[in-house]
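The structures come next, written out as structure tokens.
In the two assemblies presented below, chain A is common to both, partnered first by chain B and then by chain C.
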Partner chain A sequence: MTEIEIGRLLRSGTTGFVIGCRVNQLEAPSFGALVRVPLESDYQVFGLIYDIQIEDDGLVRQLITAQDVPEEVLRDNRENRNVPVEIGVLALGYQHGERIFHLLPPRPPLSLDAIYLCTPAEIVRFTGIGRFGYFRHILRDRNKPVEELLAAHLMAARSAHEESGNADWYTQALQELITLMRDDYQGLINVLSAASDI
Partner chain B sequence: MMSEQRENNSQNPSGPIGYIVGGGLKANLQARLSVPAQSVQEGAFVVVESGGWLFYGLVTDLQLGSTDPRFADEQTETRLPAQLAGLLHGQTLFTNLEIMTALMMERGPEPGSPEYDAWFQKVMDEQVHPEPVKTVPQHHAEVRLADAGDIAEIFGKEGEKGFFRIGNTIEGGHPVCVNLDKLVQRSSGIFGATGTGKSFLTRVILAGLIKRDKTAVLIFDMHNEYGPDDTASDTGFRVPGLRGKFPAKVRMVGLGAGASIRGNNPDFTLEIAEADITPDDVLMLSQELNLRETTATTLEALRTSFGYDRWFHAFKHMQVNVFEQDEESGKRVPAEGSVADWAEGAGVHPSAAEALHSKLRRLFNAPYIVEKPASNALQQMIENLDNGQHVVLSFGKHETDLDYLFVSNLLTRRIREVWERRTNAFRSGHQGAAEPRPLVIVVEEAHKLLNREMASQTTFSTIAREMRKYYVTLLIIDQRPSQIYDEVMSQLGTRVTGWLGDADDIQAVLTGLAGRDSLRGMLARLQPKEEVLMLGWGVPMPILVRSRRYDDAFWEELQGKSTQRSEREILDELGF
Partner chain C sequence: MPVNLLDIQKKLQSFGEQAKARQQAITHRQQEVADLLEGYADRLDELRAQVDRAAAQNPNLRCAVPREEPLNSVIPMPELPSVFTLLAADGSQINPSRHTRIQFCVINVGVVKMVRGSSQAPEIMTQSQLLDYDAIYLPGGGIISEGMVALKRDLREREALADLAGELNFPAISMTDGPLELYHEFQESAEFTQTLEEYMTVLEHLRELGLITLGYVDKPGSDLIGRLLELVIQPGEEATPPIHRQRRFAGVRDIQLVADLLTRPGDRSALFAIYSQTALRFGMDLLPHFFYLNVGSPGKPHLARVEVPGWVARDRALVGLLQAVLTEQSAIMGTRPYPYILHRAHEVAVVTMPEQQHVEDMIVAEFSRRGIPVDEGSFKQYHKDLPTGKTRYQG
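Presenting the complex of A and B:
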């Protein structure tokens, strides 16, 4: 299995962190993808990508207003920027030894730690344990596009589980979401509408 | 989780159907249904297991609910894919059961555990039995439909000590028994609109009572339904009568000389001696004969003039509108032997006496009232009842209300007097005074005898009120219970009622019972035929019953299979 490194840690806190990466690394990470940050040999933090930001810099502004910029210059400026792409990650849990916890990590990752995309097997492992405790962290911050995030996550995780032979996972996940959100009619309907598009 | 439960249930019918979510002793319990709503119906008999106790109750309502009204209001199935809509509805829409608990019983240790033997002994010694509910099950205690064992635990096992199967539960079809001994310990009633199966169910119960043979039964068979074989008016099937099925046990008595009951000769006929008729017997007919207020005075004068034995005969043979010339004054005066003549002499207003005479003409003309009956049929009936036999008095062609009121009241008064004398002799320890044989008197159209106006006068209401003091109770059958005097209704121990259309009738049947509100709706929604609600003092708790069918199979079970049953009993004893 090849490990896909998607970048290194820029900033972090208990509830989440931001990864920086080069534009040419941006093929791999996607909205709703599950990532992990190995910290020590027996400790790694898991998170969900909820935001990908590409900031401007002075040069980009100039290039956009300038006329007749050659194609190579444009490409060069796109790929070799000074400002990294910023990827926001929501902390969902951690692994300590063999055990996976859907609790916030005791210690956040440190600057420049390498971040990897989870493989389908890792997705199955992290999301299949316990009773969807990590949904708490996703639902906590309603300023994020929660419905879309859940839909993207469910889509990715469903196919990982189905490949591993567990067709029920998706149903159970939806059931848990309905239980958690049934007091929030509009929120729940939004999540289910998003889910019905996947 | 929810769907797991659903699957379990479809595989295992005795599995849980829900769990307790609220309620209490005063209000009913609430349970969340975990199976499709249509698999449970109102009236279902359910068991709740909680903390070492079994609670027994009836489903009295099913209510649709939602965690948020918007989930119920929005037709989300049109917006979401079927799978998502299904999951959403599974968790936000639900059905609640309302359960009226009535009894609870200790559950006891698991069979096979060390304590079980001691426990089982207690059960056998009847130290453990269902008792009225005094507490509630815990939250989330499981609710399941009662099985045959639960029903037998509460209502008794068929064939044991007077337990007689009266029908089956609607849902599981489990046998439901009535305790015949308790049924006749107080007066009981069978109710239901016309055509709901009262007469058929009465036949079933009477057959059970006669077979049990602990009680003498006297049936006033106004419509000739119980003694002779009959034909069902709706199906045209032959309906066997009790006389043919118990030839040695049941005597059929016809009213009036030469009576023939549906082409059968009765065992003997009953004629009523004029001397047996008291002024009270006539007063009781006030309504029916439209008697005036002066009647009591006139009757009293008749009794004074002629005595208890002769007054009826003398009055009957007086003439009306006959006059003669007074020898002295030459005036036209009432002839001797006329009503007016007697009235003048007795100080009664002649027109009152004449009016009474004319109104009693229906009695004077009744062919079964004679001066000297050929035999003492009343005495014969009493002897039959003493000798372990049962008597059906068939009214034959004398089917008017007047015949029924007059004859049944008179006979009941006389018979109860006999039973009262015997009871007093027995109680005071007279030499050789035997305990009277308990007697049940069966009356159809009971409201005619027990309505508010009659209630103060008839022996029937006395019997209903005094319970079993003198070893006589009633089994009344009626389609208009609201017309029965409520004091009588409230004395009825066991009540078995089919569908009733009238709110007053429903109200009347529930007089004096706990849980009326819950039972009212259940009663109004009974099937129009062969479904009854059994309730009252004589049954452990109310229950919906599909009536036992009265057909050839019934008789075979009751009479034909006695050898097979004892075989089974032997096997049971041997532990097979």
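Presenting the complex of A and C:
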């Protein structure tokens, strides 16, 4: 399968990183998508997109006041101008050699490292290992839209697992969430409510 | 040390009174000029003869010359064609400075090419020129002036339009910000003359390419029409040396005269030629002409001056095309009308401080490789660059 590069790294930390991309690269990444950053031949970091910010600038603000914006001007601003798009990614784990760990990466990616969307096979591999250890990274930060993020992730991962013949993955994932969130009734109800929309 | 606002406050009252008195005087003069504009609206032969008489007495005469259209003409814009090409160029420069480690000069020109009606993204191009080392140091000592660099930049802008035009979907229009006429203080220098000749060669080349050329002046302060009408009210004054001469209509800008006429978006004034010693050197086909254009929106006019060469001015259809194109381009910028493509060319051309530093580092590295000694930057500049939290106002 062709690799889809969605941007390059702007800044990073142990728990997550921010990608910058051009507006015309924006069709591929989506909220809740699993991404990976290959760092060396045998080491790559995995993460989940939790935020996409499209910044403005003075010219864009001025163009908003126009009655009509010609197609050429739209394309100029999207393809030629440095309109920054920033994508926030939550670190979920890493791969070292053939092993996948649902632990925070030992060191974060570096500036301008390329970020790729995970293929369905990569999603199945990362999410199918172990006992959903990466869920705790998602649940840790209540400042993020956790319920919606989980719902978006579960939907993409469920589809990938079902295509690969594993119809039980989704049920097991929900059971694990119920266990992890047993002391947070309202949060659990929110997650299950969001998941019911899948 | 901050600005002493108390000192400023003490001065505000008299400052305001002076401004009000000046405004009243200008309003009075403006009415006089407006009356003359109406009175002489169709007396174009008389006005042209008056310019000829004044020019014979005053070699430094600078004013508008009416062409065929009555002075108070209002010409609406035609329909916009469905497909046309727009090119805009803008330049910026790094001036040589004795405060940097080495003295160098860079002229950077950005060109944007847009084919309206194509639905394609515009092409963006830049040309960066490091001036020859020998061009920076003048034969008589000293370094090239900022004015001369600006002149070379103006020339490079037009050259870039010709170089980068490529294949064109006609009609094709090229524009730059500022007057078409090169207007600098050192007009009699040999270098100015040489640059002017090169400039006219480029304008001629643009004409051969079929590329309509214009210069766009936003918020124009010119008073060329007022100067023309001064000639009929002060016919003998031209013999008086300029330093002793009182300008009868000083402070009255042309746009104040035509603002009440050009009420609809796309309306333009009559076309005028520019009379000046520099303009005369252009010859009839390239002679700078101008008109005022309302590029604003309904109920909110905004006037710009548009300068075009003689060959464009003679063709009403081409002038109409410019009216429609500039009005559309300005409308794209919404509440602050200005041609979008010119703004984009400016964005592309501008040289940032980090870029300037990078170029300087590249040159220093080349000098080091060749064993050429490199000075330190001035300590004055070093101390100025220290972070202080307070920076000079960059209006």
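Quick notes on this structure:
The criterion applied here is as follows: the second predicted complex is superposed on the first by the 191 of 198 C-alpha atoms of A that agree within 3 Å, B and C clash if a C-alpha of one lies under 4 Å from a C-alpha of the other, contacts with A are read in each partner's own complex, and residues count from 1 in each chain.
One rule holds in what follows: a contact is a pair of C-beta atoms (placed from the backbone, for glycine too) under 8 Å apart; a residue touches a chain by one contact, two chains touch by 3 or more.
Because the structure is predicted, anything quoted here is derived from the model rather than measured.
Judged by the touch definition given at the top, the superposed model places A:Tyr185 against chain B, while chain C stays out of reach.
In the superposed model, A:Ser193 makes contact with chain B only, not with chain C.
Put simply, more of the residues of chain A are touched by C, taking chain B and chain C as the two choices. Looking at the shared chain after the overlay, A:Thr14 reaches neither chain B nor chain C.
Of the two partner chains, chain B is the only one that A:Leu174 touches; chain C does not reach it.
Once the two complexes are laid over each other on the shared chain, residue contacts for A:Asp76 go to chain C alone; chain B is not touched. Across the superposed pair, chain B and chain C touch chain A at no common residue. The touching residues of chain C, when paired with chain A in their complex, are 112, 114-116, 118-122, 124, 331-336, 340, 343-344, 347. Against chain C, in their complex, chain A makes its touches with residues 59, 62-73, 75-76, 78-81.
By the touch rule above, chain B contacts chain A in their complex via residues 1-3, 67-68, 70-71, 74, 76, 79-81, 83-84, 87-88, 90-92.
By the touch criterion stated above, chain A contacts chain B in their complex at residues 171, 174-175, 178-179, 182-183, 185, 188-189, 192-193, 195-196.
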